[in-house]
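Both complexes below contain subunit A, partnered by subunit B and then by subunit C.
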Partner chain A sequence: MTQVDITSTTMDGMGPHGTKVGLLRVLGPAHVWALGVGIVLVGEYMGWNFAVGKGGAYAALIACWFAGILYSCVAMIDSEVTSTVASAGGQYTQAKHIIGPLMAFNVGLYLVFAYTMLEAANAITAGYLFSVVASMTGHADALDQRPFIILVIMFLAWLNYRGVLATLTFNLVITAIAFIAIIVLFVSTTGLVGSGIMEHAALFEGHELPYGWIGVLAAMHFGLWYYLGIEGTTQAAEEVRSPARALPFGTLAGIMTLLIAATLTWYVCSGVLPWEFLGDGVNGSVAPLFDTARLSGSIALVWLLGFGTLFATLASANGCINDASRAWFAMGRDKYLPGWFGAVHPKYRTPYRAIVFLVPIALIFALGAPLDQVITFSILSGLLGYTFMPLNIILFRRKWPLETIKRGYEHPFHPIPALTLLTLCAVTFFAVFLGYGTQLVAMIGFYIVVSLWFHFWRYRFVNRGAQFTMPWPKPRGY
Partner chain B sequence: MDLWNWIEYGAWGLSAAFGLHMAIDWLKTDSSYSEDVLTSSREGELEAMAEEHAEKHGMKS
Partner chain C sequence: MAHYQPPKQGKASQLFDVVVLVVLTVGALFVPLWMGMAGAAKSVATPVANPTWEALGQNEAQSAKYEALGYTPETAHDLILARFDYSFSVTALLTMIAVILLYYFLILRFSEVEYREVISEKFGE
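== the complex of A and B ==
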């Protein structure tokens, strides 16, 4: 078998056996971190606070930490598998190699839907932020948000089209600013520097768990919002210089960053905003960190958190375009979708057709669908993806035990993380069912229908050799 | 018309410019390179070996 050094500069972007134009290997661990944290951090700026509305401030904290365990398991499992399956497509490619074509097709669709819906939700949010700034600066009429929603999607798609290095360097800068803004807000409002404004005891008294333990369970649905998307780091696998090092490093640093950001966010917001206001993300606190900054009385903090909110939104949409297009591209390359989508731009070395094709889909959802439905569809697709991961790692370890394939990272305590993840997914499915049962059933119905279509029609076009491209030994038991 | 009305027009204009740039570049790229080159990206080794084998022996994959 040919020995291929994927880090070789003379083979940069060129694969073995006739790849004339391939994706460019230019990314490092910091870009992987920026991709994962960038997609997620908007959840700290807005969205997580619906968990407070479901069960009170303590319920949101419990959900924050339980979801943190769920996502730590996701990050560890992903780091192990993707440091071995270093190809675009992330979990889709993992499913293809480890489970089989039908699972891969479904996982690919989960990814594309989760990221495209999240991108649409971010564009809607950015449009809303522009309208808030307009009204704060004295614009009398209601601002037309559509040009700003479209501009966000078109600009970020253009950036992605032009090259992955610029795209994720941009994400690194704006994500770092958004994260630092949270730290600065924490330091400024909790009394570490100057006088603190935290009133936890007074605000929590008599409202510890307003809806009891069922409220805690219901809060799990929005607890995902603190971390949703960290698994997106795997989509960079074909574009990092050193997959075995950069992917685990970037992903695990990313989940640690998010655990810190989520806990700090809960602490500062719940210590300043009453839970009834904080928990109503529509008519109450739409952007809790920004509202906390406003209550601090510091103009500098208001500006910093204002830009932090906008940057987090843009970073998330940017990462989503990157990830959805890689998943779509990988499916096209393997003929799970028309092979036409598997094209790489010869100059910019990006999956340009996949990027452009997903633009109108994001625009349709951003301009034509209500925000909560778009977010719910994104969460549900993500949750189906998380349910696949424990099955994936259990099969991976069973078919290729540790001594048969060298991993870039081996996650500890297997199978405890996998079983924990599976249990927490089951709990979260129940929590989602409590609030969005119809959507959950409708979406599972949708995936069953497309699975039947794939099995009875599309599978005949699939490049079946694509399932066996990894230089792995024969799986145990086969 | 206040500043925000102009910014709205600016956003429409920039959106069109970004969209147009991608569309023109896409058409130019597709007409300048063959489909074989553009879709030549391969994930790994075995698939490509299988293709080479099929070509060598005149088999359709």
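== the complex of A and C ==
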């Protein structure tokens, strides 16, 4: 008999015990799916193709599938823990209850930076898309992309400021359109309807593995981009009506959707675009699905994938603002950051100060750094977060075994997913080291400095016992 | 354990904390860029004078795609021939591993100390 049943009628949907400030509970499983897939689907529209550049087309496919295994482990582990931690902040709140405050502070920053950098990358892509459309419709000079980048970030921040239901309903619609656009492109170009234009054998000839097997390892770096952000579903924990059921369902449905979309995307793009062009996301193919449509000879496909790319970037940036602001808000509420950020809007019930504060941060990166550097910054923050997850689930099961807290979802074969995830994270660290080692060390250096700052300065402002807000029994071993 | 009462933080101190975080964040990305240490620069090891599609290693199907994308052998030269350099020193690899392990050791150790305080106060020992 379990001591605590978080999935019971009385406890399902409850806020964190002792929390004075709560967000509005209005979301269902479809919104959770839209939040996860909405953030990530842009990874099929841009960015994943850097994996082709790092190792060739086959290497990108292998990276796609191994990254898929990595994220399946992430989704399984996350679903179990989140189904018992119904509070804003996602993995930050998990770390706070399971490992400790400093880990939680770091995880909170991973989330904020992974999402804010992803948002910046989305805005850069949207700006690029506007410039391409302008040149296709007869604009003679190069279009200044900066006003569009600023407008995208400001508009979506305003939408998030106004309310979560409208924001994620907007995401649901545009994500569905972007996903359907990939399916239509696949059906139209592979010969399922009409004549196909795929030339995999001819395009791969002589370039099967241009860097050899080390290129396959290196490709894992950007292989993460196919799925990065699916873990963001947990940020909605305090705003879903039924966290114990909706979060596992939405997250696992999301990763299945993305596995399909990623494989279709690789197949279509690598069968039409030469690998050197496809693999250079700065000087070559910034938006590979859109470029594939351009070579299809169909004007309708060009428009469809143009809108698909735009919608995917908007949906992703929208979800990123939602997630980054929830993590920042949750840290402010706990005084890990200045308490001023822990405020909820009196009318819209959104974390409005966190939303507004992160706008200029996103703009600094969107306007001042190249796309691959912004993506690498986002991937590194995500990777540090994934490395935390195996430690998190192992300690969760040890401190609160299955018989002490009933979960909404129990992931199978523990600890195999945790060990698999840890191994794949180690491989990905090496992949990032190949070519982007300086950024890796700079990033870890940053987290070491802020960790010391938190432990020796910031933590004095934090209430000790009040941080533990879940209605759980005392952990074993303490 | 005695209940810990945190000090109240003034507005100026809150603002200072935010500025510190923002400066560190921006620095982490931009300092490597400004110092020219950001990796991933691809380079052309052996340029081809008067390039043709054949000289660039492109077969008929591949060169047709480049032409459809608006490239000529001259404009596609750097795009096609640029490569990453994956050579690395064992010392650099060991340094990276040491930095990552140090980081996780540091946060797990400090977190454990803080966590014991939290549990002790929460569950009233």
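We take it that the second predicted complex is superposed on the first by the 455 of 478 C-alpha atoms of A that agree within 3 Å, B and C clash if a C-alpha of one lies under 4 Å from a C-alpha of the other, contacts with A are read in each partner's own complex, and residues count from 1 in each chain.
Criterion: a contact is a pair of C-beta atoms (placed from the backbone, for glycine too) under 8 Å apart; a residue touches a chain by one contact, two chains touch by 3 or more.
If you're wondering where the values come from, they're calculated on a predicted model, not measured in any experiment.
Engineer: I'd like to know which partner A:144 touches here: subunit B for first, subunit C for second, both or neither.
Structural biologist: first
Engineer: A:463 in the overlay: touching subunit B, subunit C, both, or neither? Say first, second, both or neither.
Structural biologist: A:463 sits against subunit B and subunit C alike.
Engineer: Check whether A:158 is in contact with subunit B, with subunit C, with both or with neither, and answer first, second, both or neither.
Structural biologist: first
Engineer: Touching A:450 in the superposition: subunit B (first), subunit C (second), both, neither?
Structural biologist: second
Engineer: After superposition on the shared chain, which partner residues are touched by A:352: those of subunit B (first), subunit C (second), both, or neither?
Structural biologist: In the superposed model, A:352 contacts subunit B only, not subunit C.
Engineer: Given the superposition on chain A, which partner contacts more residues in subunit A: subunit B or subunit C?
Structural biologist: So, of the two partners, C touches more residues of subunit A.
Engineer: Given the touch rule stated above, what does A:214 touch, subunit B (first), subunit C (second), both, or neither?
Structural biologist: A:214 contacts subunit C only, not subunit B.
Engineer: Using the superposition on chain A described above, determine whether A:340 touches subunit B (first), subunit C (second), both, or neither.
Structural biologist: Once the two structures are laid over each other on A, A:340 reaches both partners.
Engineer: Identify the partner contact of A:435: answer first if only subunit B is touched, second if only subunit C is, both if each is, neither if none is.
Structural biologist: After superposing on A, A:435 lies in contact with subunit C but is clear of subunit B.
Engineer: Intersection of subunit A residues contacting subunit B with those contacting subunit C?
Structural biologist: Residues 339-340, 463, 465-466, 468, which sit in both footprints.
Engineer: Please name which positions on subunit B make contact with subunit A in the complex.
Structural biologist: Per the stated touch rule, the residues are 2-4, 8-9, 11-12, 14-15, 18-19, 21-23, 25-26, 29, 33, 35-52, 61.
Engineer: Going by the contact rule set out above, which residues of subunit C touch subunit A in the complex?
Structural biologist: Touching subunit A from subunit C are residues 3-4, 6-7, 9, 11, 14-15, 17-18, 20-22, 24-33, 37-40, 42, 57-62, 65-66, 68-69, 71, 76, 78-80, 82-84, 86, 88, 92-93, 95-96, 99-100, 102-104, 106-108, 110-123.
Engineer: Where on subunit A is subunit C touching in the complex?
Structural biologist: Per the stated touch rule, the residues are 53-54, 99-104, 106, 113, 199, 202-203, 205-207, 210-211, 214-215, 218, 272-274, 276-277, 280, 283-284, 291, 294-295, 335, 337-340, 357, 361, 364-365, 368-369, 372-374, 376-377, 387, 391, 429-430, 433-451, 453, 455, 458-468, 474-475, 478.
Engineer: Where on subunit A does subunit B make contact in their complex?
Structural biologist: 1-2, 4, 15-23, 87-88, 93, 134, 137-140, 143-144, 147-148, 150-151, 154-155, 157-158, 161, 238, 330, 333-334, 339-340, 342-347, 352-353, 356, 359, 463, 465-466, 468-471
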